[in-house]
Amino acid sequence: MIGAERRWAVQWTNRQGPPVIDSVYADYMAGRPLLRGLSRLHPVPDAIVLAGFGNYGTAAVKEALDVPAIGMAEAAMTLALPLCHRFAIVTTAPRMIAYTEDLVRLAGLAERCAAVRAVSLPPIAAPAGPEARIVAELAGVVDAARVELGADLVILGGSRLSPYAAALRRVVPIPVLEPVACGVQVAEALVRLGLRQSKAGRFAPPPQPLSEYEA
Amino acid sequence: MIGAERRWAVQWTNRQGPPVIDSVYADYMAGRPLLRGLSRLHPVPDAIVLAGFGNYGTAAVKEALDVPAIGMAEAAMTLALPLCHRFAIVTTAPRMIAYTEDLVRLAGLAERCAAVRAVSLPPIAAPAGPEARIVAELAGVVDAARVELGADLVILGGSRLSPYAAALRRVVPIPVLEPVACGVQVAEALVRLGLRQSKAGRFAPPPQPLSEYEA
Amino acid sequence: MIGAERRWAVQWTNRQGPPVIDSVYADYMAGRPLLRGLSRLHPVPDAIVLAGFGNYGTAAVKEALDVPAIGMAEAAMTLALPLCHRFAIVTTAPRMIAYTEDLVRLAGLAERCAAVRAVSLPPIAAPAGPEARIVAELAGVVDAARVELGADLVILGGSRLSPYAAALRRVVPIPVLEPVACGVQVAEALVRLGLRQSKAGRFAPPPQPLSEYEA
Amino acid sequence: MIGAERRWAVQWTNRQGPPVIDSVYADYMAGRPLLRGLSRLHPVPDAIVLAGFGNYGTAAVKEALDVPAIGMAEAAMTLALPLCHRFAIVTTAPRMIAYTEDLVRLAGLAERCAAVRAVSLPPIAAPAGPEARIVAELAGVVDAARVELGADLVILGGSRLSPYAAALRRVVPIPVLEPVACGVQVAEALVRLGLRQSKAGRFAPPPQPLSEYEA
Amino acid sequence: MIGAERRWAVQWTNRQGPPVIDSVYADYMAGRPLLRGLSRLHPVPDAIVLAGFGNYGTAAVKEALDVPAIGMAEAAMTLALPLCHRFAIVTTAPRMIAYTEDLVRLAGLAERCAAVRAVSLPPIAAPAGPEARIVAELAGVVDAARVELGADLVILGGSRLSPYAAALRRVVPIPVLEPVACGVQVAEALVRLGLRQSKAGRFAPPPQPLSEYEA
Amino acid sequence: MIGAERRWAVQWTNRQGPPVIDSVYADYMAGRPLLRGLSRLHPVPDAIVLAGFGNYGTAAVKEALDVPAIGMAEAAMTLALPLCHRFAIVTTAPRMIAYTEDLVRLAGLAERCAAVRAVSLPPIAAPAGPEARIVAELAGVVDAARVELGADLVILGGSRLSPYAAALRRVVPIPVLEPVACGVQVAEALVRLGLRQSKAGRFAPPPQPLSEYEA
């Protein structure tokens, strides 16, 4: 979240949700505590950046809040559009490829996506392994997408991959988008422009008072 | 749900979720209690029919369970395909048009959908109003979709519209699909064929034991 | 076809058409005797399942008859939708790949189809060859579509492949849809729901008496 | 058909098929005598133009013959592409709109088609009615497609409309494509270029001798 | 353009090109002086914002320069994505609707665009007319796109419309994107993130020295 | 260009533009002298064939002139449609793949294009190298597109490849379209049919006198 002073960011963690979103099940289990927590933040921030590379929760937050809310997946895809012919997304587990392809299709961006690929990170509770190994695996996946499918930009598909962005940039010849930073930049741009999600269509406020949904 | 004897159906209601899904917010707030409830059903039913005209929860249930799980929206669209050129969906509130269009696109069926339209039902707690008025409003919406957009079949987009199916059929010249019945028929067909959702892709089981997601 | 008693099926073979549909030419040559035969069946069955994995004839039968008519290709694709992320179809000859891709596109389902692939069955008059060899070939094709293209369900693209469904299921980790059984289940579901193809659009009755078309 | 001398055209009529293609049923009933007749033509013409605004038969003829075969619908759409932003097709009966939309989609040209619309010609055996009335109806349909949907070119969707092309051109401000003439021009262009349909994919020859399909 | 100090913007006008881009012809005539001018700027700015609502020139500038270059049309569409279900674009003349639809399609964003509509501004040399009249015309176009087509956000399709943004926001219930401001914000975001267009695909440098193209 | 006598063609070269179009930059630099030259031709030819495998200039020429103007890329794709299931395009440098994919998408033909591939011609000023080597490279690219992606027709994507068409046809089993010849045939067909680009939409004349654009 971006605080009231605009250069002053606060961080909020959904401690009552699962620690990592590794499935639609996890995404969905995270929903109720996420929505309850964000709708009660005080003071209300100027904008919300959701640091999960998914979008189910994002749409609900956009309905519930009056400030701009942006998911880091949509932020990264958004900034990728003017920079490339076709982007690739590398996600954190083969399990998440179909999930991420659905994100892309729901955003209406399938024509601009060359491929969704995966590396295999260890479980979140296990040691991450040596950086060099993970960077090499990322670089291999990126090169394959570039050479075989014509991808000319890559989006890191999850904040667990963010620590490797700098090292990856040194070894691949195409831009690497780190989605947390993209989310912050897009949120700041929206605040400066005085824009937020349209409340006249897909993101109209829920018709009941929010407390009614906690039956 | 369809019980172990196959002609014997049990009904389960997500009493800890909101009483009606009228937004992505409601959909998402319903998630946690829905998933907890369904994953603890005993005995495990032969199949699950989800009686909400949405699909976010559906994918999570398909991941979590080993029996076929089907949402009534996808069941109705599925059976519509061989019966028509292009279907229309009538949903229960203008608020839900964008939500439902996303359902259709995520299912990959936008080419076969002529339009999503809405009637305006009163809030769920208010009296439903006279049947004749609602049927007339439905018929007007259906006729417009048929004449202007070439829809030749209509799907009722929510179980709140199911009571009007029979009366609507008497006044419109195209097939009317009532999605609860479609869900039951597709679920039974899958059980008879020994089929369930593929566990090798989009619906693979969540990687952690389910209890881990309840942090 | 499903007989009047609904559990009682009769089989009808288009003896005046070519014995196997191996081209658009064969499909088209089969048309006239197929339509003449089916439109004269007595008693009229409750539903028709067309056991060819094509759709040209299907649309004509849907126009001509007042009972639900379903092709086994559309039935299988229809039931695949709620079960998978993206399906593959394996057809009986490389010759039929383009034909089958057109089927998928005409159904508006290209977004959900990962690939159409082929095995090479011997000509219909020749011995079928050992089952183990054909199953191994099928399994190889399925595995390639799964690993390279993310297919998580496979449809057998022709009734000549039906005898191998059970053996194939034992060796591949994704659901295998046998289209004849799918056709029967979908037809029965439609009969129970009182549904048939819409007569208000694509499947409106031919404008002349049927005998006029036999010039 | 275009005869061996290239400026010398012969006409062949499928006298054993229905006199007008007004449904998929008619299209399909026409198939067997069409294919038998064309595959026995002697001398073999340099090219075939199929004067029905449909395509099922077209693909079978392309398989069966070694000379270029072109349907007038595909010829007209083909020549429309470099001339417009988006074309409209006017067909001869509301009954044929869905049929024609399928033609467009199967050709992969839906993005370039603004609309398929219909006038209502009298049955083929009835008097055609005064030209002025039909031209006025055509002009009204064309203007609506132009103003409301941005169509900037119109294709006459059936040779029964060809007699009105000249009069229509005098009253509408967009190009009017008459498909028989388009078919002849495309066929001649293909002959001059030494091209015919590819025999390596969708239009490969039927695998059996043609006589085998007449069982 | 955004100057080296990043809060310090310089403005450059293509004085050797046509004063307004009202056709592909104008766009194309503007190209040579635009490219010559921009490739000789000194000092090189940190980023370029192209203030024409088109994209032909944009791609050439992205090839030629090593700093981020962004067109205002792509910037506005980019920022619209996370804010809406489907956007509308209002352009400055009916003449430009097809041109703008091509922009949207080339960007791969047709699924997210509800409509391109136009007002009729007077020629650039004529007096602009009273603001109230133009705002009323804009509001009428926006409301029609919102009510009939479900657009829930509008992009002003040309900098000639920018002066009316504030007044329009007071009378329409959906967000109004002014593309010059969007271009500046996206350019600044890219500079802060250290990103520019990928030089490994669509925007690779021209293979010859730039002076070679001025033959 | 096709001269007034229709069998009598004149050739015009854009001597003030770059000698080869190898980038969007080159395309754009070619624009101003191309448009100036063509709009001053005297006598006005019956039709214009633009011998560059691009389309930016094509649209501007279609706006400016009243005679049919056709680009060789669109002519080749146009004639390919009735001949194949899916075509491949082979372009003259890897640099041009993205450029050419955009051409295909802008034409609305992506569904019919199996792939865009490239060979690597030497720079235009260098010796072309032995024909056998280039033909072998072309044949390898074509075979890969045929076997791996199902392409059943190939378009040579640039007139620098035209000299190899005949040799290539002897070694690949699918039709090879040489685009200059296609452009001439389509232009002649349009002249014979009395057709030109629609002036009521995308190709309406520029609103100012042409001299106004030369500021």
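Going in written order, the chains are labelled A, B, C, D, E and F, and every chain counts its residues from 1.
One rule holds in what follows: a contact is a pair of C-beta atoms (placed from the backbone, for glycine too) under 8 Å apart; a residue touches a chain by one contact, two chains touch by 3 or more.
If you're wondering where the values come from, they're calculated on a predicted model, not measured in any experiment.
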Notebook entry, point to check: Where the contacts of subunit B and subunit E overlap, which chains show up?
Noted result: A, D
Next item on the list: Quick one: report the Å distance separating subunit B from subunit F, using the average Cα coordinate of each chain.
Entry: 50
Next item on the list: Quick one: report the Å distance separating subunit B from subunit C, using the average Cα coordinate of each chain.
Entry: 27
Next item on the list: Scan subunit F for residues touching two or more other chains and write them down.
Entry: 85, 97-98, 105, 108, 111, 150, 152, 201-202
Item checked: Which pairs of chains touch, using the document's own definition -> A-B, A-C, A-E, A-F, B-C, B-D, B-E, C-D, C-F, D-E, D-F, E-F
Margin query: Can you tell me which positions in subunit F touch subunit E when the two form their complex?
Written below: 15-19, 22-29, 31-35, 56-57, 59-60, 63-64, 93, 95, 97-99, 102, 105-106, 108, 123, 201-202, 204, 206-208, 210, 212-215
Checklist line | Touch list for subunit C against partner subunit B, complex | finding: 68, 70-71, 74-75, 77-79, 81-86, 107-109, 111-112, 146, 150-153, 173-175, 177, 181-182, 185-186, 188-190, 192-193, 195-198, 200-203
Margin query: Touching residues of subunit B toward subunit D in the complex: what are they?
Written below: 85, 111, 150, 152
Checklist line | Contacting residues of subunit C [partner subunit F, same complex] | finding: 97-98, 101, 105, 110
